[in-house]
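Every chain is named by a letter (A, B, C, D and E) in the order it is written, and numbering of its residues begins at 1.
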Amino acid sequence: MILSAVVFLPIVFALVIAFWPNKSTLKPLAFGFAIIEFLLSLGIFKYFDPATANLQMVEQYVWIERFGISYFLGIDGISLWLVLLTTFLTPIVLLGSWTSIDQKLKGFLASVFVLQTAMIGTFLAMDAIFFYLFWELSLVPMYFMIGIWGGQRRIYATIKFFIYTMIGSVLMLVAIIYMMFLTKDVVGHMSASLLDFYKLNIPFVGGQFFSLQTLLFFAFALAFAIKVPVFPFHTWLPDAHVEAPTPGSVILAGVMLKMGTYGLMRWTIPLFPEAADYWGWLFMLVGAIGIVYGALVAMVQPDIKKLVAYSSVSHMGYILLGLFAFNQFGATGGLYQMLNHGISTGALFLLVGMIYERTHSREISKYGGLAGVLPIFTICFFIITLSSIAVPMTNGFVGEFLILLGTYKADKPFAFIAVTGVVLGAVYMLWMFKKVFFGEKGELVADEHHPLHDLNSREIAVLVPMIIMVFWMGLFPNHFLDYTKASIDHLVNNKNNYELTYQPTNQSSITETQSLQVGSTGVRQ
Amino acid sequence: MRARKVAHMPSNFILEVGLPHYLVLSSLLFVTGMAGVLLRRNAIVMMMSIELMLNAVNLSFVAFSRYLGLLEGQVMVFFVMTIAAAEAAVGLALVVAIFKRFKEVNIRFFEHLKG
Amino acid sequence: MNHQLLMSILILSPFVGFLINGFRYKKHSANLAGTIATAAAAISFLSAILLFIDLLGMPAESRKISVSFFDWITVADFKVKAGFLVDQISAVMILIVTGVGSLIHLFSVGYMHHDKGVAKYFAYLNLFLFNMLLLVLGDNLLVMFVGWEGVGLCSYLLIGFWFTDKEKAAAGMKAFITNRIGDAAFLLGMFVLFLTFGTLTFSEINALIPQSPETSWLGAITIGTLFLFIGATGKSAQIPLYVWLPDAMAGPTPVSALIHAATMVTAGVYMIIRLNPLFLMAPNTLMVIAIIGALTAVMAASIGLTQWDIKKVLAYSTVSQLGYMFLACGVGAFGAALFHLMTHAFFKALMFLGSGSVIHAMHEEQDIRKMGGLKKYLPITHFTFFLGWVAIIGMPPFAGFFSKDEILWMSFHSPLGHVGLWALGAIGATMTAFYMTRLMALTFWGKSRVPKDVHPHESPAVMTIPLIVLGILSVIGGWIGIPHVIGSILPGHPENIWEHWLSPVIKAVPNLGHAEASQEWLLMGVSVTLAAASAALAYHFYVQDPEKPKRFAAAMGKFYEVVYNKYFVDEGYFAWIINPLVRTSKNIWFYVDVNFIDKATYVLSDIVRGGGQFVRVLQNGNIQQYALYIAIGIVTTLAFVLMR
Amino acid sequence: MSPDVFLFWFLAILTVISGLMVVLMTNPVFSALSLAMTMVLIGALFVTLNATFLAGVQLIVYAGAVMVLFVMVLMLFDLKNEIYAFTRGKISGAFKVGSVGILAGLVIGSIGLTASTLLQSSTAPLVSMSGDTTKDLGKILFSQYLLGFEALGALLLIVAVGAVALARSKGGTHAK
Amino acid sequence: MTNIGMADVFRISPMIILFLSSLIPITIKVIRGNNEQAPAATLFQGLGGLFASAILLATVYTLLGGGAQSTAFARAIVIDGITLWVGLIALMGAAGALLLMHDNPATNGDQFSELVFLTLSSALGMLLLVSAYDLLVVFIGLETMSLALYVMIGMSHEQKLSKESAFKYFVLGSFASALFLYGISFLFGTVQSTYIPDIIQQTANLIGTNRLFMIGIILVVLGFCFKISIAPFHAWTPDVYQGAPTPHSAFMATAVKAVSFAAFLRIISTKSLVGSESLFDFLQWLAVFTMIVGNVAALIQNNFKRMLAYSSISHSGYMLVGVITAGISDKTSFANSGVVFYLAAYSLMTLGAFAIICLMEKDENTSIQIDDMAGYAKRHPLMAFCLTLFMLSLAGVPPTVGFFGKFYLFSSAIGEGLIWLAVWGVLNSVISVYYYLRPIVVMYMKEGDAEEAALDFSATKTAILISAFFVLVLGIISGPLFALVEKAL
């Protein structure tokens, strides 16, 4: 039950907020709700067994019997931290937007909670259609968030965001449906259960694009690639980030992008192992290009937020690289980097939002010398910058190191390309840092009429958890990796006949618990 | 093959009148009516063209009925006639209503809805 | 005492200092902040001494204090512990780092007395110490890398300490980014080593190395060590990544002394020494290291001949001296490298602090053309600086002589060495003597060119005490490594303690032949004579006939211009790497993102919209047109279906 | 050429001509008259097909009632020769004529190709159709097609009410 | 000769009750001396009739259980699953339209009784159409439905556009029925019957060989394509939807479309038609063409109704995919039920969307431009939310019913191997997202005059809220409903 509660509690919160009569107590209420949700999600640890790669805390109920669609929630090491990341970021986001969002507050808070449900659901749903439902649902609140509370070109950005993501996901829907028909032969009835999908044995023909597994692979991969976003599909991201309000940017960068990489990890790679192997180079290539490209373009951005957005492209390139390295280092690093990116980029957006609140400008050239005026802000920004450029002892380093190691092990040329990202990452971040914080006071900073105030206690309270996480994850990665180890080992070692099982807890289960040994027969070899 | 057909067709075709003749006649009337709908701008003439089309259909029904020996075809015609009359009534009522409003029955004046 | 606790104190004491001063970042009291920081450094130094004493108490073969705190990263067979190791090498290093560090902290109290950000300054300094200790103590490459990046970070912070000056902030950034290039290679090196040996722990790597040297250029060890060496060139300012170090002089002078002379910049050398058995198995890499080291030594020295900024001269001197250390590593004389590292730490820290004292006295003036004759104003500074000077130009029996001589000798004598390397080294030494003498002459001797409004005065005691201590060390520091040929003629035949101490952890150069004492004497004599002669020449140039250098420079013409402008390396980097990169970035952003990908999307949407417009035109409101569509539809369908 | 055949050709040609006249006459009244003539001729063709009852109905309902309705409305509008009787666009005109022509060609072609097989499948005797069919028609109408017949009744009611309502509709609630 | 007795009358009792109740309002009006009674009373009479008819329809179906014995009047009609479900959809659509008419300035007030009569009559024609088992009855049903509609549109209080649209609808509709009828005549000539099962039975023999049969079947199919507005037979749709009073547009988009599809399904949903691959190929192209035309044209519309009209065209394209699938699949039921479910879903959401337009119309001459909706979210937050729901549902965003409609539809297509159609479908739904989002954008993201309106209830709002409720709830629990539909078909 705890998973259901974690997934759907935010919706309940959203409803309560929508009908809450008192406008002045809305913010504390919502913040309290978010904290409750976070505490509840911590409860997962009580039942979570890090030693097994099995699906845990499974809840499965028949939903649409005709198509074998079920209400199917489950958690394993891959999704655990992403769920936690979501619930962790939400209260921070709410606290961070305490003063910046004043208009249509109810709608905003409700959107945040609906979004939370959608994101957690995406990470926990183990049924393709159920997953797709959350996947698409997440677009709507984010669409509103950008569109209503966003900047000047918000409408352009939000529609671009929506349509880009939609294009990818509808093809995935077609692929999902097709696979549901395929399950008929394996489990005897149509099924949308991911566990049944894993049992599929889809014929693969190397070198032929129009072959079944390849097409399905690309249908899934495209959806996730656009969300990630992978290099040629990334242009929605800077626009969305720049226009989104701070909380929107934080959630978008912090969690929503992870939905793409999570999808690759959970769906694309284990479902289509041969195709993933065969086309892995392509994804490593675009990942590597993304790293360099994102960094180079970030370097010349005049807008801080855009810079951070392009840095996201670069960082997500690492994750892609790690995932398609197909070894433990890459996969672990990729997963870890998802969390890191959530923390560091989320915090960066929060910081940018804080300064934007003060000056109403994000133009780098108008700043300068901030370090002398806002020391605390500078320190926080600097720490997060360090995390972002993966300085050791911060979280970013662990992820990036493992990814690069995995990549080097898998495919050296890509590691060489990716390693330039280490340098370029420092270049654009520090360059920006120099321009904004060092040097003489810029026109905004020196403005006598609007003296800038350093961070207040609320803002510090927002940033402190992030900074703690930065160092905690950087110094004690094993605290986190211990939980993911079993799952990732299982994923990497059994990639070509990946299966998940679980101990059934209720009667209405429609999935057999015994895994069929499809890997040993059939076309897979 | 084709030459022989051309040589023999005319006499047969003219002398032995059968179902195809009626069908061809009906189709000619039908397309004439269609052409009327497509070409004439007067709303009433368009409606008349539609009536012409319906009549052509009737002819085809009756011809089938006759040559297949099925009375149902005539029943169909009966129904079609009634409906055609009803259509005409409604159509003319509409045209009158439009005329009252626009003082015009040329359809080129009814192009407000477009795009 | 418990080693773990001792180690914790050693490492964490500066960190605690950092935290305390960090949270007091707004405070202006230099005394309090300085006391805290210096105390933290001193506690660290004490622990280091205690550890060292423990180490001494152990039998020579198993001199090793290894402490592991927790498992840091564990993924599959990649297991890295937060483990620290004190052995003969790192023991020397921690003593240098904490000892010299403590002195420089103390010096800073005086030097930074009037600075508003003094608490911040000391926090950074302590943080640097912490990171440097991590670097030195780490028992595996990854922990070393933590410190490696950490010290780079602190260097960045301290170079850009006066961040309101754009130039200084830029210098910090330059340092960090240049270092990052090296770090990226360091990462790759680690990957190669991990995938080759399955571990990153020094002891395990050194245990797993193959028996015979690897001759191929593409062998894993060669490639791995080359990558590590590129990493070292970044940190230790070697060609081609040395450019950041002269700019790093933008930071406060004690920082230059600590970070950019004594400790951090030697990290690359230290890393190579740490992995000496591995490097020995990669003769190709060693060759590269030796050549790069020698070239750097000469090139930096030549630039040093022309500079007017007191700190820039010292900076190029540092680059040059680091070149010597690499030369030593490259010829397999790791012990000599570490030895020079240590003596260099003494005399270069001394000289930097001395220059700091001068600058302090001159009210932040760094141009030596505006000094001269300071000897009478700053007697202590002058005296200690003098000691540093004789040490660095390699005059026996000062510290620099022993270490540099050892390097030169080995570069000639070692099977990995070459007479050419020796020649380069000797040329470098000659130049060193020249520019150092020039520096002495222009600063302290001769006529005063001090502007009228500046009244130089001797520094307070907190600043002179460290100078004195370091001066003493510069004199006696070399005596622990007296070569055999000299030792044999000295009374009491002092042993080469240094070699003896290091022998368990430093592999000797294989196939080292027997050396003729006369040969060694000869080379020693040549280098000392050259140095002395060039020092005399410089004295003549800058004290006796100050017009000569100008004439000489004019005679050299273009060549002087090139050298004076540091061979235009910075400009070259800008012209060929940085500017093109920025331009490319702008272009790809503009052409790929904005004008291609987005345009393509727009074109797509325009096509869709165009389709909409087309349908809209067709939907012209005319019923007959609509009926025509129906007719066309029917005709097409009929034709399609019936004709098939 | 037997009288039947002659009659057919005579009626057919006249029907086509009058049908064309409906379309081609620029004066709507002439069109209406041509249509009336066409309907009469079709009624005559019904007779040649032994559908005498329908021929009668055709005359009464179509040529009588419907045509009267048309002419009446025409008179109401008092329309003369029209200047813009036909559509003007040349391309669309070509398309229109072309599509109609092709349709005719396709249908006639199909009839020609299918003619031989058309009657083979027929098993019902032709003789039963020779006599008066009115009675049989009535029987079928009130048994097999009863529902349709009833529905037709409802339809007529609807149309009647509807036409009245349409005629009486005064326009907007805010009509001036 | 067949005997016709009370059993047959029982089977058509839904239609009878509908017909009778349709007479009530006008009779009362006549009795009252041509004075309108209270609109609410008229409305309730109409709704009552529709409700009673629905109940009876369900009862008849339940008692007969579908199958062979549920035919009536010499097999002229059949009460089977399609009849039941699509009949219910049509009645629901009519009821919704009535609710809208009650409030809409273009339809309420004067002549409301006649409108109710005509609406119910049109619904009668629809019931006839969905239950027709004979092409003749199909034709009669079609005409009854259409003629009533022509009049309804022409009766609008709005004087200019509605007349034009009624006339256009009438001319094109008659033109299409003539073609349809011509097709029937060929079918009659070749099959010698207009009875649908006969035609289906004979299809296998005739389809490849007999060209006249082919012409007949094509003309009949295309006649339906006209009614369901498949491009290029769609051209009437935008003009008529725009010009007609909004309640009538809603009526057309829901009920008319649903029953036309149902009748189409009846004819096409048989394996035997597959004999003509070319026909099915062509229909597939038509489906794709329709989606594209509808979507790209909707993209650039600013008039909300016109946009919805084009969107309705594109939805016809989606549903045609389902119809084609039904036509080629062995197990007709799945695709059939997919189409029927989609019809229900589409009716719900499009009714809601039109209802909101109704709500915005101040007087009969208003035309709602999308750009005019700025600030609507502030004025009517609840309604704006509902419209958002409808738009997202139309766009096929889960968990609304629109998503599941598409899911079932495209599932069936994919199951039958028509993947490329499904791909076209989903890609088109991406295009559609753009224009469905536009009203949302304008409502929420553009500033408009914004004094919050008082919360009052009206018939239209009731319709909106009910639709919204079902759009959401049926989305979440679509499974049981789909199972029910599938069981019935």
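Quick note on the criterion: contacts are C-beta pairs under 8 Å (C-beta built on N, C-alpha and C of every residue); 3 or more make two chains touch, one makes a residue touch a chain.
A quick note: this is a predicted structure, and the numbers were derived from the prediction, not measured.
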* Asked: If you take the chains that touch subunit A and keep only those that also touch subunit D, what is left?
  -> C, E
* Asked: Looking at CA centres, what chain is most distant from subunit B?
  -> C
* Which two chains have the most C-beta pairs in contact? -> B-D
* Can you figure out the chain closest to the middle, judged by Cα centres? => A
* Determine, using the mean of C-alpha atoms as each chain's centre, which chain is farthest from subunit E. => C
* Return the distance between the CA-based centres of subunit A and subunit B, expressed in whole Å. => 65
* To do: Using mean C-alpha positions as chain centres, tell me how far subunit B is from subunit D in Å, no decimals.
  => 5
* To do: Averaged over CA atoms, how far is the centre of subunit C from the centre of subunit E? Could you give it in whole Å?
  => 79
* To do: Provide the C-alpha centroid distance between subunit D and subunit E, rounded to the nearest whole angstrom.
  => 30
* Please set out, as single numbers or ranges, the residues of subunit E touching at least two other chains. => 136, 140, 143, 147, 150-151, 154, 159, 167-168, 171, 175, 179, 189, 192, 211, 214-215, 238-239
* Asked: Got the subunit D residues that touch at least 2 other chains?
  -> 87, 96, 99-100, 103, 106-107, 110-111, 118, 122, 124, 144-145, 148, 152, 155, 159, 162-163, 166, 169
* Asked: Which chains touch, pair by pair?
  -> A-C, A-E, B-C, B-D, B-E, C-D, C-E, D-E
* **Touching residues on subunit A, where the partner in the complex is subunit C** => 160, 232, 234-235, 238, 293, 296-297, 299-301, 327-329, 332-333, 369, 371-372, 375, 379, 386, 391-393, 397-398, 401-402, 404-405, 408-409, 415-416, 419-420, 422-423, 426-427, 430-431, 433-434, 437-440, 475-478, 481, 485, 489
* Structure fact -> Seen from subunit D, its contact residues with subunit B in the complex are 1, 4-5, 8-9, 12, 15-16, 19-20, 22-23, 28, 31-32, 35, 38-39, 42, 45-46, 49-51, 53-54, 57-58, 61-62, 65-66, 69-70, 73-74, 76-77, 79, 82, 84-87, 93, 96-97, 99-101, 103-104, 107-108, 111-112, 115, 118-119, 122, 124-126, 128-129, 133, 136-137, 140-141, 144-145, 148, 152, 155-156, 159-160, 162-163, 166-167, 169
* Residues of subunit B defined as touching subunit E within the complex -> 23, 26, 30, 33-34, 37, 43, 46-47, 50, 53-54, 56-57, 60-61, 64, 68, 70, 72-73, 75-76, 79-80, 83, 86-87, 90-91, 93-95, 97-98, 101-102, 110, 112-115
* Asked: Once bound in the complex, which stretches of subunit A touch subunit E?
  -> 63-67, 69, 129, 132-133, 136-137, 139-140, 143-144, 147-148, 154-155, 158-159, 162-163, 166-167, 170-171, 173-174, 177-178, 180-181
* Structure fact -> Residue positions on subunit C within touch of subunit D in the complex are 622, 624-625, 628, 631-632, 634-635, 638-639, 642
